[in-house]
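Next come two complexes built around chain A: one with chain B, the other with chain C.
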Partner chain A sequence: MHGKALPYLLLMPATLFLCVFFLYPFVLVAFEALTRDGAFTLDNFRAMAGSWKFPVTVRNTLLLAAIVVPIQLVMALLMASVVSRLETGRSAALYIFAIPLGISDLAAGLIWLAIFDQSGFLNTLLAHLGVVDRPIMFLGYQSKLTIFIAVALAEIWRATAIMMVILVAGMGLIPKEYYEAAEVFGAGPWKRFVRITLPLLRPSLQTAIILRVILAFEVFAVVAALGGTNLPVLMGETYNWQFTLQDRNVAAASALLILAISIGFTLFFLRVLRVPKEARI
Partner chain B sequence: MSAVTQTPAAASADARKAGDWLLIATVILLGVWVLLPIYLLIVNALSSPEQVTAFPKRFFPAFDTGSLSFFINFAGVARALWNSVLVATLTMILSIGFGAPAGYALSRFDFPGKGTFRFLVLMTRAFPLPLLALPLAVMFIRTGLDDTAIGLALVHTTLALPFAVLITFSLFSGIPVELEEAAWTLGCTRLQAFRKVILPLALPGIAASAVFAFTISWNEVFAAAVLTIENRTLTAFLLQSLGESPLYLKFAGGAALVVPALIFIFAVRKYLFAMWGIANR
Partner chain C sequence: MAEIAIKGVAKRFGGFTALHQVNLAIADQEFMVLLGASGCGKTTLLRIVAGLETPSQGEVWIGGRRVDHLPPRERGIAMVFQNYAVFPHLTVFENIAFGLRMKKLPQADVERRVNRTAELMHIEQLLKRYSGQLSGGQRQRVAVARALAMEPDVILMDEPLSNLDALLRLEMRAELKGVLAASKTTTIYVTHDQVEAMSLADRIAVMHQGRIVQAASPVEVYRNPAARFVGSFIGNPPMNFIPATKAGNGSWSVAGLTLPGPKSDKQKIEFAIRPEDVDAGSEGLHATVRVIEPLGPHTLVTCDVEGGLFRAILESNASVKVGEQLRLAPKPDRVRWFDPETTNAL
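Here is the complex of A and B:
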């Protein structure tokens, strides 16, 4: 009897914890988003969508994800393939590539602020090269495009590592024999990559893309550090509704929207990149 | 005649050599892409306030502690640092305390409900968890947990717990059951066998995942900024003072966030890939 109860006893703390701090807040956030003063209403969503900033906010967030994630996917694939072909210094290269994993998004924003700031390193470089005679204001309220580029670069810099790590782990599972066989039949490196690595990497690609896309919709501190309020994104607006505008219900509606988009994309990628059971290694 | 037979071989050797150089060049380029921005932040942090705001900038640190001492002595910073350490330590204890038993149960027992639990854990990966801080803010005010280190640590534990469960699960799975069974036949109780046989073997990995949980909490921005007012963590402090704080304070603060993170990542580098590889299957 003791043996039967033991696993449940061991799981209980974690399960209870997740129920109270993961499932219950979900119910709460949905409830807050759909009510105001105790009555069911869609007003919170109307207030959110009615704000003049809302279309820009959604556009910025989606555009950022649409630009950043594909570039990161390519870079992560490049990093992973390069590392897997390296004979010496493999673990050092892996460690260096993985460093941004441990760096906070706020710190990443500040790192790129050091580069893009008016008295920053990019302007210094441009001045040394004689391209500009006066430092350019990259992050002013009038230069939305450069803010966008700076945020995109910081995001690419920060979060490529997480995809790379998943892909490296996935590449390690592909049997070497496949490559040897392909080489015998005369397949070049590119062909081997397209015909063997990519198809067999599909489960890892799926995980990496889903994780990264969700993180992309959560972009917040990088934007706050680089653009302030000049580049509104969904998470930042949610924060604004909660604090600057002191409206919990609309903040909850905004949070629910981010959740809905995240779940929508998760299901989309689960379907598009699904791997049949028989095709798994 | 011999020239004809030699040429293809020589050409392929040349191509291989060129390929090797390309490989090394790519690795170096990617390494510079990762390290250079961090270096530039450190240059700023190690310069005097005047040098940080001056233009053009130097590309080498002046090893002046002006910015750093300004940062440390700035009102609220020492406390924010202490709060960050406190919250991260609590997160570490909670996530290992709840996660490790669950990981052990998953690795050693087969029982109804196992699949459901794993699904619950994996589901947390598909949601932007920091958003849950919004509804929890209300709950915490009712229960008196608002603006406390433990309240924030509870939210950070939802972020770190899934990792702790999955990592310890794979750790315990890697230790043969036979070792435990041998201890039982020699008269150990289940608890004794765990403490004397399994724990020593699993300890380094558990320590690594504890460091990992610490880093997750140390780096988190959104929930920290939502849930703390007086007892702000370093990330919350830096975020909320972005608008008014001078550049040198931002860069010194950024460095204060990055340097410990670099040390943590270095400390767990051996486990990094195993952890992310496993945690995201």
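Here is the complex of A and C:
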């Protein structure tokens, strides 16, 4: 009895903390989203969905996630495979790859703004090479596509490392003997990756993907820095409702929507990448 | 045709030399057993043949092809790992089928081979389970089945029966011997169980501290050990050794007995005899009985001879008592002699 209770007891402080600083505000936000002037209503959600910007923001956010996350996943897998195989300098490589992690998303947005700006690196470079005579407006309001690409690039640059770090840790947990057995029984490098690494990496893949997808739906500062209002996303709209339009109730509704989407995807990946208990390492 | 040649193979791990200049030739379809104490380099040698370890020096040839620069999958081998390496994310069926799927065999063939080898290893009722739901011995049999299913030219087995109970082990041993004799496979089989080695091997290679001390048929290894170590390692109880001093040209004095022996310039050599090769009688080595252990068919008698331990296996009706003085007569054709400096047979 005592032995069984101990872990829960140890989790108590963290649970309390979560209740006070997360659950309570969450209830407040949910309450705000579902009421107006003290009366229960769904008007806030109607107002949010009724805005002409709403379909665009949803589309942009989903599209960004759908493009950025798979690219990041492939890159992170590739980088993690390379790093895991290094005999020497493994931690050095890990640190270098992880540098973007130490930079806040706003700073990351500003760095990429410095690259794509009218007087930025890219234009200077192109001018020096004689490719262009006049600086190009990469991030102007008519060039939605370049803005989108710039945001995607910045996001990939900024947040691939977090996935890679998780995957490197996961790969380190796979015993070498399975690779040896696979190799003896005829699996080349690609087959070993597909038949051994990927299945045995599922728990780490799950963590990495869920974390990254949630972050993708919360994308805000990078988009704000690079696109301003030219590439509206869900988080930006929430901000707008709260601070520009001064409507806390709709902002709360919008925040709840992001939460719902995040929870939905989390459950989806938990289910899809589930490892049956008996098949674990 | 898959003969194996190991030529001058050495392996160093940092400053530690695990294998010194190993030479071994294994004929096509031969059953070669590597026998030796824990840590003598058996697994290391097997892994070098498999290609999982690169030799620091030397060459490995399989079927007339030099393979030491080839990856394991191009060597035409299958292997049973000492720690099984049964894939945790695949069922027993898929584990056994793994190599066959890599070879892109048709599903019907895969099923036929998996079912047959599973039956052979008595694991046909476990095919749907995962590795995590198996006992150590069951896992080990999956590892063996996975290798057998490949029907390879060369099969490498690292203590494949070590985790089975005595009865099952006996049965599996016979099964393995039958299957491997029927298939045209060349086998290298690692074990530290000498009974297993004796019963399976065409030839036994006895290893000691990274060297092969003797490679010969089981009877030869037992009867004519090439070195003192082989005599002391093989046989239960092992060979007895008694110091011998020169008594004349080709005759030696051993524990109060003068015996004909090798002609040598040395003053001191070692006399050796197996415990079952002495008879209690009126003539022989002077021995004082210390311990008597009746074993059923025989009685194991431990004595003092020249201040050293000496074990004799006597008829169980021999009535000996502790403290008694015995005369143990060695059978002349079973006496062996060793050089105490080189430890080699004379």
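Odds and ends about this structure:
As a convention for this text, the second predicted complex is superposed on the first by the 266 of 281 C-alpha atoms of A that agree within 3 Å, B and C clash if a C-alpha of one lies under 4 Å from a C-alpha of the other, contacts with A are read in each partner's own complex, and residues count from 1 in each chain.
Assume a contact is a pair of C-beta atoms (placed from the backbone, for glycine too) under 8 Å apart; a residue touches a chain by one contact, two chains touch by 3 or more.
Because the structure is a prediction, the values reported are computed rather than measured.
Once the complexes are laid over each other on chain A, chain B and chain C both fit without any clash. When the shared chain is aligned, chain C comes close enough to touch A:Ile196, but chain B does not.
Looking at the shared chain after the overlay, A:Ile111 reaches chain B, while chain C stays out of its contact range. Put simply, the three-chain overlay gives an angle of 80° at chain A, taking C-alpha centres for chain B and chain C and rounding to the nearest 10. In the superposed three-chain model, the partner touching more residues of chain A is B, compared with the other of chain B and chain C.
Looking at the shared chain after the overlay, A:Ile96 reaches chain B, while chain C stays out of its contact range. Look at A:Gly38: by the touch rule set out above, it reaches neither chain B nor chain C. In the superposition on chain A, A:Glu183 makes contact with chain C only, while chain B stays out of contact range. Superposition on the common chain A brings chain B within a closest Cα-Cα distance of 5 Å of chain C. Across the two superposed structures, the residue set of chain A contacted by chain B and also by chain C is empty.
Considering their complex, residues 4, 6-8, 10-11, 13-15, 17-18, 21-22, 25-26, 28-29, 32, 75, 78-79, 82-83, 85-86, 89, 91, 93-107, 110-115, 117-121, 123-124, 127-128, 135, 157, 161-162, 165-166, 168-170, 172, 189, 203, 207-208, 210-211, 214, 217-218, 220-221, 224-225, 228, 235, 238-239, 242-243, 248, 251-252, 255, 258-259, 262-263, 266 of chain A touch chain B. Put simply, chain A touches chain C in their complex at residues 175, 177-178, 180-188, 191, 195-196, 199-200, 275-281. Chain B contributes residues 19, 23, 26-27, 30-31, 33-35, 37-38, 40-41, 43-44, 52-57, 59, 94, 97-99, 101-102, 104-106, 108-109, 111, 113-114, 117, 120-121, 124-132, 134-139, 154-155, 157-158, 161, 165, 190, 215, 218-222, 225-226, 235, 238-239, 242-243, 247, 250-251, 253-254, 257-258, 261-262, 264-266, 269, 272-274, 276-278, 280-281 to its touches with chain A in the complex.
Residues 50-52, 71-73, 77-79, 81, 83, 85, 87-90, 98-99, 102-103, 129-130, 132-133, 146, 150 of chain C are the ones that touch chain A when the two sit in their complex.
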